[in-house]
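Both of the next two complexes hold chain A, though its partner changes from chain B to chain C.
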Partner chain A sequence: MARSIYNALRIYWYMVEASIRAQMQYSYAFIMNILGWMMHYTGMAITMWVLLYSFQALNGWVYWELIFLFALSVLSWSICTIFFFHFRKLDVHIVQGTFDRFLVRPISPFFHFMALKFDVGALGQLFFSIGAFILAYIKLSLHWSWAEWLVFLGAVIGGTLIQGGMLVLISTIAFYTTRSERVFWVLIFPFRNLINYPLTIFPKAMQMFITFVLPFAFVNYLPALILLDKADPVFPGFWGSLSIFVGILFFWFSYRVWQKGVDRYNSTGS
Partner chain B sequence: MITVKNISKIFYINKRQEGMLGAIRSMFFREYIEKIAVNDISFSISPGEIVGYIGPNGAGKSTTIKMLTGILVPTSGEIRVNGVIPYRERQKNARQIGVVFGQRTQLWGDLPTVDSFELLKQIYQIPEKKYRKNLETFTEILGLDEFLNTPVRQLSLGQRMRADIAASLLHDPAVLFLDEPTIGLDVVAKDRMRKFIREVNKERGVTVILTTHDMSDIEKLCKRMILIDKGKIMYDGELAKIKEVFGRDRILTIDFEGDVPFLEKGVQLIRSEGNRKWLKFNLEEISTAQLLAEIAKKNEIKDFIIQEPEIDYIIRKIYERGL
Partner chain C sequence: MAGLCGKLRMYLEFSRISFQRAAAYRFEAWMRLFSNVVFLFMWGFIWYGLYMDRDSVSGVTFQSVFSYVLISQMLQGIHSAGTPLWEIQEKVRSGDIVTEIIRPYDYPTRLLFADLGSIAFYFLTAIFPLYSVIFLIFRPLIPTSPEQWFLFFLSVVLGYLIRYFIELTFGLFTFWLIETGGVEDIFYFAISLFSGATIPLWFFPGWLNTLARYLPFQGIYFVPNAIFVGELGGTELFSALTVQLFWVAVSFLILRFVWYKAGKKIVGQGG
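Let's turn to the complex of A and B:
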């Protein structure tokens, strides 16, 4: 068992390293990709500032609290895109028949496909979110105990798994309709924009949807309640510490569905 | 080595309806058409054989290969490759087979060719010594050293095929599946590829199954061929035999000087276009030289081409006459 995990990690590392080298070949695109994402998110932070300049606070959330919320979601999103962003392109592999090659290798197709790309462009988002997080932490004069740091860590890992799980889940559609990237753009980005704001500004139905159906609330809002010492009229405070468990469950579910998709592909080949 | 018993593969294809209304309707009510890609076929292949799996486009060749490699699950029937059921133990099967799809590469496009080999070494966990030895051997025979450090996407088709076939053999598979290994290659590259396949089969005892619709691939490589059309096996046996029966037909295309009414006994006029005539004859009845001499006696020949029957023609013949 330990040996096979070691082997898997070694193979993963070799493939990741190859993927990074492949991306480095296009150095201009490589740097622009990193810069582009940083600019994109900085723009969004400025928009929030403009918004709050006239309102001062949004449902009791001040500017740096919103930036904290924002940074937390971008942090886990950027880690998740490093590993899973290319899942949105699964449909291309299926349409062009290149997915077959993952099925004639002695390693799991999921693992193989995941190791196909290590998206270095996502580092731009990672740098932005770390910077924004540090700034918010200072501006809000937070002093976390180790328990709060644990909640934070759980939120980052959980958030990565939840959003990664969603990318995996959406890519599964490709096994059925052979066109899935659209669904990805329609689903992921609108919701990712929603969770930049406190959940309480949305209608109840939407809050429930974001918590129980697509568990985006566990990515940042619920953990932020604990970390910023805030209260929500509906959700109990401790829910924010459950992110990692929700993440593991959701990712495992997505992974199983993806495997079902592969089985389906095995019988249709389309 | 490989046993295939009564396998069938049925696809359900979405039926597209015509027009805008049809397109909208089919978004909600889908109709499916059953397409039998492979229809109850059986064969077995012994270790060390080279078998040509031949048939026209859409005959079910690729579907069969995909079932043997574990990519597709058969609708019914039984497959064993070296004792393994490919679709049930895909990864175990992957260790003992090598696969090359001529139409698309299995290598990492943006990386130097040798990096793909290194990655495969990791994926298959090939011991260093074995890897070195194999790479050396293949480099020598296939002349890989001229492009080992070139990114795969910059390789010519011939180079890419050489790289692909070398990649598929690095882990010493017992069986090699080649799907259209010579497609799009020029004569020299085709020849090199065939030579290599023969050598791999002879020196390493690798069982080879190759699909093609190029008859000369089969002639140069295989003793045995399996002919498939519309999902059914039309013929399974020695190539020599089928050539004896059907391979004696020739098509002669002649450009005449001036428009001439053409009449020659034992020769069939199959097409006529101005001064150009297509004639079919059989070598049993008349030799090419004889025929040309006969024609030249009466008419002036500007140009001519002689063609061997193509695989489609042979298949049509088998339909008409049976074996």
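Let's turn to the complex of A and C:
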């Protein structure tokens, strides 16, 4: 067991190295990609600032608290995109028949597909979110104890697994309908925008959906309640510390569904 | 005159074809509509949350802002049915644009008419039915006189042309810059903020508001939206329309210039 994991990691690293080298070949495009992501998120942060300029607060959340919420979701998203962002493009591989090569090799197709790309462009989002997080931490004069740092760490790992799980889950649709990228942009993109704002502004049904069906609330809102010392009328405070467990569970579920999809999959040629 | 009529008939044929072609992409249309509704939902509740126990902010009531968001989201839905920027960029990168240039029509004009066709289909089958229901349920502010309706439609058309000319010009920059990553994000940010698509210019800090008024983007959504909800009237309305007209002319001239330069840039390989 230990040996096979070691072997798998060795292979993964080998393929990742090749992927990084491939992306670095176009150094101009590489830098533009990183810059582009930073611009994109900085633009969103500026838009939030303009939004709050005349109003000062949104449901009791001031600007830097919103930035904190935003940075927390982008942080785990950027880590998850490094590993899983190309899953949204599974449909292309299936339509063009290139997915078949993942099935005929002596390693798990999931693993092999995951190693296809190691998205260094996501560094732009990572840099932005770390910068925004540090600024918010200073501006809100936070002083966390080790327990709060643990909650933070749990939120980052849990958020990575939850959002990575969603990318995996969305890609599974490609096995049945040969479509995944459009579904990603239509489903995940708007919801990722939604969670940049405190959940309390939305109706109860939406809050429940975002907590229990697509567990986005565990990515940033619930941990932020603990980390910013805020209270929610519905959710008990300690829920924010459960992110990592929800993440493991959700990712495991998505992984199982993906495996089911592979089992059912017949190449487009047949 | 007869020549002009023939030309118009040819371009309208492009509209007709893309109207029919749009029917084949039902799935895409439904997906776009879903995402449009989620964003409407999100902005509706953000403004509701911002207004919580306040009647008016900067002299604007919640009713006005809510109506603004509704009409803005509807117009954005209409704009989204046009040819996306990446498709134009891909055409330039792959060289397919040459097949457009050698044909006996003007590409920017053909694309405009083709987009009008797909927009007409999307509007009739998706946007109009959906927003009719939403308007009936929420009863937002709507134009109260035929003149206001007319000026609103005029402003929408001018706004569409501004957006189209600017976006196509930006797409044509691909002739010189193969990779536009960072610049493209600044461009999108500028459009989304300064057009007033999501935040009306009323709530901008003074200096930013002044800046926005000098940029062409406000003509895309802010002016038609403000006319629709009745926040723009009298002489202010006419100066806003004049400014829109001015930007239509300027962005058109820039587009023609860039298109002319792009035509010179093409190098035939193997010829």
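Criterion: the second predicted complex is superposed on the first by the 265 of 270 C-alpha atoms of A that agree within 3 Å, B and C clash if a C-alpha of one lies under 4 Å from a C-alpha of the other, contacts with A are read in each partner's own complex, and residues count from 1 in each chain.
The working rule: a residue touches a chain if its C-beta (ideal position, glycine included) is under 8 Å from a C-beta of that chain, and two chains touch if they have at least 3 such contacts.
None of these values were measured; they are calculated from a predicted model.
**Student:** Is this a clash or a fit when chain B and chain C both end up on chain A?
**Tutor:** After superposition on chain A, which the two structures share, chain B sits beside chain C with no clash.
**Student:** Between the C-alpha centres of chain B and chain C, what angle is opened at the C-alpha centre of chain A, expressed to the nearest 10°?
**Tutor:** 90
**Student:** Between chain B and chain C, which one contacts more residues of chain A in the superposed model?
**Tutor:** C
**Student:** In the superposed arrangement, which partner chain does A:R10 touch: chain B (first), chain C (second), both, or neither?
**Tutor:** After superposition on chain A, A:R10 lies in contact with chain B alone.
**Student:** Where does A:Y53 make contact in the superposed view: on chain B (first), on chain C (second), on both, or on neither?
**Tutor:** Touch partner of A:Y53: chain C, not chain B.
**Student:** I'd like to know which partner A:R21 touches here: chain B for first, chain C for second, both or neither.
**Tutor:** Touch partner of A:R21: chain B, not chain C.
**Student:** For A:R101, using the defined touch cut-off, is the partner it touches chain B, chain C, both, or neither? Pick first, second, both or neither.
**Tutor:** The answer is first: A:R101 touches chain B but not chain C.
**Student:** Rounded to a whole Å, what is the shortest Cα gap between chain B and chain C in the overlaid structures?
**Tutor:** 7
**Student:** For the complex, which residues does chain B have touching chain A?
**Tutor:** 11-12, 63, 66, 69-73, 75, 87, 90-92, 94-95, 97, 99, 101, 103-104, 106, 108, 110-111, 115, 118-119, 122-125, 151
**Student:** Going by the contact rule at the top, pick out the chain C residues touching chain A in the complex.
**Tutor:** 27-28, 31-32, 34-35, 38-39, 41-42, 45-46, 48-50, 52, 57-58, 179-182, 184-186, 188-189, 192-193, 198-199, 202-205, 208
**Student:** Could you list, by residue number, the parts of chain A that touch chain B in their complex?
**Tutor:** So the residues of chain A touching chain B come out as 7, 10-11, 14-15, 18, 21-23, 25, 96-98, 100-101, 103-108, 112, 263, 266-270.
**Student:** So in the complex, the part of chain A that touches chain C is made up of which residues?
**Tutor:** 26, 28-29, 32-33, 35-40, 43, 46-47, 50-51, 53-55, 58-59, 179, 182-183, 185-186, 189-191, 193-194, 197-198, 200-203, 206
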